[in-house]
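Below is the structure I would like to discuss, written out as structure tokens.
Should a chain be cited, it is by its letter among A, B, C, D and E, assigned in written order, with residues numbered from 1 in that chain.
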Amino acid sequence: MQIAKVRGTVTSTQKESSLQGVKFLVLQFLDDAGHPLAKYEVAADNVGAGVDEWVLVSRGSAARQIIGSEKRPVDAAVVAIIDTVSVDNQLLYSKRDQYR
Amino acid sequence: MQIAKVRGTVTSTQKESSLQGVKFLVLQFLDDAGHPLAKYEVAADNVGAGVDEWVLVSRGSAARQIIGSEKRPVDAAVVAIIDTVSVDNQLLYSKRDQYR
Amino acid sequence: MQIAKVRGTVTSTQKESSLQGVKFLVLQFLDDAGHPLAKYEVAADNVGAGVDEWVLVSRGSAARQIIGSEKRPVDAAVVAIIDTVSVDNQLLYSKRDQYR
Amino acid sequence: MQIAKVRGTVTSTQKESSLQGVKFLVLQFLDDAGHPLAKYEVAADNVGAGVDEWVLVSRGSAARQIIGSEKRPVDAAVVAIIDTVSVDNQLLYSKRDQYR
Amino acid sequence: MQIAKVRGTVTSTQKESSLQGVKFLVLQFLDDAGHPLAKYEVAADNVGAGVDEWVLVSRGSAARQIIGSEKRPVDAAVVAIIDTVSVDNQLLYSKRDQYR
């Protein structure tokens, strides 16, 4: 999985019918120091992530290992909203600090 | 998924028989500011995307999660024609504006 | 899929038994202007592509969506010999012109 | 598989329900000389890897070929804790030496 | 598939139980002129490749299309020991010449 930050949304009317009701988020990938990378992914979201939150994104067939999404043509999904990231015994990110 | 712009088409007579009738589009990938990236994909199209439209492209096994394409040897498909892309609370793209 | 040009062949005697009889082509990837990229793939060929022809190559599990190849350990296959590539309403490549 | 070093952890409360109880490690990829690459992956860990240990990480659908993880939306997993890496007949890494 | 050269081995005691008995090789990727790329893969080997031999490596789910490996968490496998590579009608590599 990669660490990413929710940056925005994509909407679409004309699409594969199995994608009806799927929420698409624009995710900016972050490096392991928390800095933005020049890489993004539009991912299906089922966990209710909001703008600026850090999330884990799974890509490939993993994105369809979600109840109701098994047969959707998606190759990326938000699978978790991150509480904390610790690297080298230091707290790199904490959701609680982010929003207080 | 990645955001891409329809740039052209590929035609082929001599191909895997399961690809008969599949429309192949040349898609130029865009970054999250809407600028073209030096990256393209030839994708199967089932949603009827036209030149210059922005679309969502799914890659890998996701491209076969489409009725009738389950057993086609395709690794990329247009899954949605984009109406809007919003990033950092700003409207990056709107299909309506694009075509008025 | 990516657009690629047939550059050569790979032969092997000692291999997974399911690969007996599979023809392996060396494909040079091309960018969307038709220029060679510093990227290649060795792909299984079932459509009979010849040297210098432009082809579509599918990678990943798509390469096994071919009758007889379902259980072969291949991650790339030639799925079509290209007749034409059109980008921005211009003909980038035509097999007929190439060989006249 | 890639060679990676355990750098840290990611925690999450709000996630896909199938991810309950999964431990997420931040892995730094290493090159074949043992130097850190500017590339990381957050991977599920079932083998009990600890900080600074070298591990093998599998990505894609391989990450779900683990008992109990078959239907989890994960695209990376630690599959082995490395004892030794030998390249060009030289011992590049030995877990025993690392910890004595 | 990619062309790679066998450079070394990885050993592990503490690993997914399904990986017992699997031999892991360190493979250096080569470009289509036979020069080493700054890219490697640790791959399962079932064909008996030896140091300095050129091999074909398959990645992704292809690595599990091998008898006995269907449920192993591996994302790369040696699938063939290369006899010859010919590019632009020239012999780039011949195993026989390599070892005489």
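One rule holds in what follows: a residue touches a chain if its C-beta (ideal position, glycine included) is under 8 Å from a C-beta of that chain, and two chains touch if they have at least 3 such contacts.
Everything numeric in this text was worked out from a predicted model, so none of it was measured.
Trainee: Among the remaining chains, which ones contact both chain A and chain E?
Mentor: The common neighbours are D.
Trainee: For copies chain B and chain C, work out whether under half or over half of the interface numbers are shared, and give different or same accordingly.
Mentor: Both copies touch with mostly different residues.
Trainee: CA centre of chain A versus CA centre of chain D: separation in Å?
Mentor: For chain A versus chain D, the centre distance works out to 21 Å.
Trainee: Averaged over CA atoms, how far is the centre of chain B from the centre of chain E? Could you give it in whole Å?
Mentor: Centre-to-centre distance between chain B and chain E: 34 Å.
Trainee: Taking each residue of chain A in turn, which ones touch at least two of the other chains?
Mentor: As it turns out, chain A has residues touching two or more other chains at 60-61, 63-64.
Trainee: If you go round the ring from chain A to chain B and onward, which chains do you meet, in order?
Mentor: If we begin at chain A and move toward chain B, the chains come in the order A, B, C, E, D.
Trainee: Could you pull out which chain C residues touch chain B in their complex?
Mentor: Counting only chain C, the residues touching chain B are 1-3, 31-32, 46-48, 56, 58-66, 77, 79-89, 92.
Trainee: Can you tell me which positions in chain C touch chain E when the two form their complex?
Mentor: For chain C paired with chain E, touching residues are 7-16, 18-19, 24, 26, 28, 38, 40-43, 51, 60-61, 63-64, 71-76.
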